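Submitted below is the structure of interest, expressed as structure tokens.
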Amino acid sequence: MKADPSSPSDSFSHLDDAGRAQMVRVTGKADQTRRAVAEGFLRLAPETVEKLRRQALPKGDVLTVAQVAGILGAKKTAELIPLCDLLPLHHVEVRLTPERDQIRIVGAAETVGKTGVEMEALTAVVVAALTLYDMCKAVDKGMSIEGVRLLKKEKASVVERTAS
Amino acid sequence: MKADPSSPSDSFSHLDDAGRAQMVRVTGKADQTRRAVAEGFLRLAPETVEKLRRQALPKGDVLTVAQVAGILGAKKTAELIPLCDLLPLHHVEVRLTPERDQIRIVGAAETVGKTGVEMEALTAVVVAALTLYDMCKAVDKGMSIEGVRLLKKEKASVVERTAS
Amino acid sequence: MKADPSSPSDSFSHLDDAGRAQMVRVTGKADQTRRAVAEGFLRLAPETVEKLRRQALPKGDVLTVAQVAGILGAKKTAELIPLCDLLPLHHVEVRLTPERDQIRIVGAAETVGKTGVEMEALTAVVVAALTLYDMCKAVDKGMSIEGVRLLKKEKASVVERTAS
Amino acid sequence: MKADPSSPSDSFSHLDDAGRAQMVRVTGKADQTRRAVAEGFLRLAPETVEKLRRQALPKGDVLTVAQVAGILGAKKTAELIPLCDLLPLHHVEVRLTPERDQIRIVGAAETVGKTGVEMEALTAVVVAALTLYDMCKAVDKGMSIEGVRLLKKEKASVVERTAS
Amino acid sequence: MKADPSSPSDSFSHLDDAGRAQMVRVTGKADQTRRAVAEGFLRLAPETVEKLRRQALPKGDVLTVAQVAGILGAKKTAELIPLCDLLPLHHVEVRLTPERDQIRIVGAAETVGKTGVEMEALTAVVVAALTLYDMCKAVDKGMSIEGVRLLKKEKASVVERTAS
Amino acid sequence: MKADPSSPSDSFSHLDDAGRAQMVRVTGKADQTRRAVAEGFLRLAPETVEKLRRQALPKGDVLTVAQVAGILGAKKTAELIPLCDLLPLHHVEVRLTPERDQIRIVGAAETVGKTGVEMEALTAVVVAALTLYDMCKAVDKGMSIEGVRLLKKEKASVVERTAS
């Protein structure tokens, strides 16, 4: 009956013994600082990246719109994913880097709570990718979202600074 | 000033001349039946697929939870993607098929309106994938979301049946 | 393959032939004015109704809070109920009437569209009932919500007035 | 100035002295594990239950769709009910049991926080009931939602396990 | 019983004869292209504007974040304002212009529908202003939002282009 | 690297060194009781205020609708304002006072957490003002929202009462 999230388990925590879906009970877990980082890619034609660099990136707008959408998306995780906890979210970061034929998206989420925030980090990445897709779809008909995965998941005891 | 969504354009419809983000104006477009189909994959270890088949698939729960999440997610598209129209959505379908080392997700959306619903179909796929990820993450630490792309986009004049 | 909503059908429109959940396809249906009325009751102790009359009803606040919650709730129907269409909503009305040992709630919804709005009317009633429950729960531990049902469902061809 | 939720109070905590609606101030209350269980019934014709058993229940879909909707609905409680706290929610459970002429719905919610979660449990029940109603409404015109009430409300001091 | 929105009326359309709040019934109105433009100002210290110009405006980020928030906010109008119709929204535009001691915000909304979209335009302005406030509040303690008002409200018959 | 919210800082906490938007990291901050109070005004013609007093205020409805909208709006702050934390909210209060040619709105928010709640208080004010605007717009074409600003921001160490 272990629940250590760092090593794989033999059974699906989201399934009860009868194979029915359920939320995982975490009320007994300690509050810790929890952080997760995820990445993903919007694959597009090199010419689209080139056009973006010339027309859109000077103003920075396209990437900022995607970044904002990713941050807001992370805060909607519990609304989108049925068996996810509704929890406070203290920090979300989304970075986008245009490469030759793709835009790399890195999303990070952080909270003090009882469960990890990998779903929040992944949601940030995926919503940023969809937003980019939406803005480029008139120009490029062959885009795809690839390689969305968790890069890192950490936790640490909460050491509170004196009030600030 | 073309806006034909079926062939690529030279310029980003979501950028104005100064390179700033904007929604595309569609108020002059005709109402048509519009349909889009998208697909994507949750890549996981063959043993995870195997476990799912044994423990979860008999009850059907895991796939149904992801399907419902995908349908509800499609209805949130305009809330998630900043430059997307807020429009009625008349039909969403999500199908999940377990294969050897992945689960294939197909999402379709349909409306009668002025703009295509490819973002709705893509959002359905991606939210279903995240939901599956969430339910399998205690068992499999190496999953990724791959190959999320548009399969088909159609429109047709509205031929209304007599009232029913 | 009938879909006339006024007489019962033999099969669940929300289930496909394999018994899997689906949204009903309505894109071929005509736009009509559609209206639905539902009712429900919050059952409470006669003394609670009496206290409400003395302390809360003079200001009208309690009933208005429930009325507003019901109206806003109706607008969230497609977000709450997975297989419900996302559609414009042109009119919602919620009326609350204190009776001896209950508060009667009537909710009405109206749209011009392709599907009925009975779920919107029912959601208005139920959210208003929950809101009343919340406001009375410190005083009355034995409340229940009863008799939530559809009273009427109508449709009519759209006769548009000249622009106003 | 008592606020013990287990025994009825003389005054409405959600009304100030002038009879105006207000949220209850809980910032001084201790964080405790809080759990609530609610039930409700969707009353339908015995033949509808029978049809569900034959056509829908084998796949389990209909009940799972309602269960997922109930869980997601519980997470929207603060958005639906104006004077309800916005709080983290650590566990929601929804169980549906078909009986002769009704489907029994039990919803449970759990958090660590300053206020009870009975509204979350009741909302889970009610949204699951509406979702069932929606899926059966083509088949059965005489359904109603009945007997929605709180079954149990508990709290306990938080005993944190060592970090896991 | 006139409802011409271009000239003031003698009575509150949102109040029934008994003085109770209600949504306005618009189902009989014709679909027209409707557009509204609103403005507002975030008043701040000239030094804050100066700092923004030096540190933030080169990247454009701060204004783009506010612009995106305003667009998404407009799409939430019916969720925020109880007696507002839930309607499709085809175009939202938000422009921000730094002036000496304020940032001017102009918001425009456009739809084809039965009611005006002035609330959507006003909501866009106000949410953009709050977002700017949030980003500047560590630097400037004396900001205020001023002069939020409707600039223009138009409607026109729908002339549909041939399908595109 | 100071973050004392009571005195202005030299740099925008929401901008990183490269001038890009970011959420502020607060995971190291202590949980404290945090309270903020904001005010704002809906400016309208004295005759409109007079009409409101005669037709609407007796029933109290108009002000209560705006008050409820403000409370619900405050709970949506993190959804509306991109770089705002998603946090529990324990108390929101909205008071409206009709004056000669304006309605004064005061909003207060309270939580136990790591960041202030001034954005929640401001959002409550602004959503209440928009709601009033919506209800009066058929009668008064010259309204504006003015003077929305923070009145007070406090924090205090949490002294938990024994469980209640």
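Which chain is which? They are A, B, C, D, E and F, in the order written, and residues in each are numbered from 1.
Basically, a contact is a pair of C-beta atoms (placed from the backbone, for glycine too) under 8 Å apart; a residue touches a chain by one contact, two chains touch by 3 or more.
Note that this is a predicted model, so its numbers are computed, not measured.
In summary, the interface at B-C recurs among the listed pairs A-E, A-F or E-F; the equivalent pair, sharing over half of its contacts by residue number, is A-F. In terms of C-beta pairs in contact, the better-connected of the chain pairs A-B and B-E is A-B.
Subunit B and subunit F have CA centres that are 36 Å apart.
With centres defined as mean CA coordinates, subunit D is found 18 Å away from subunit C. If you average the CA atoms of subunit B and of subunit D, the two centres end up 30 Å from each other. One finds 29 Å separating the Cα centroids of subunit D and subunit F.
Among the residues of subunit A, those touching two or more other chains are numbered 3, 20-21, 24, 59, 61, 64-65, 68-69, 72, 76, 79, 82-83, 88.
Contacts from subunit C toward subunit E in the complex involve residues 33, 64, 67-68, 71-72, 75-76, 88-93, 110-112, 159-164. Of all residues in subunit E, those touching subunit F in their complex are 3, 5, 7-15, 18-21, 24, 40, 51-52, 55-56, 58-59, 61-62, 64-65, 68-69, 72-73, 76, 79-84, 118-119, 122-123, 126-127, 129-131, 133-150. Of all the residues in subunit B, the ones that touch subunit E in their complex are 3-4, 20-32, 78-79, 82-83, 85-88, 113-115, 155, 157. Those residues of subunit E whose C-beta lies close enough to touch subunit A in the complex are 59-61, 64-65, 68-69, 72.
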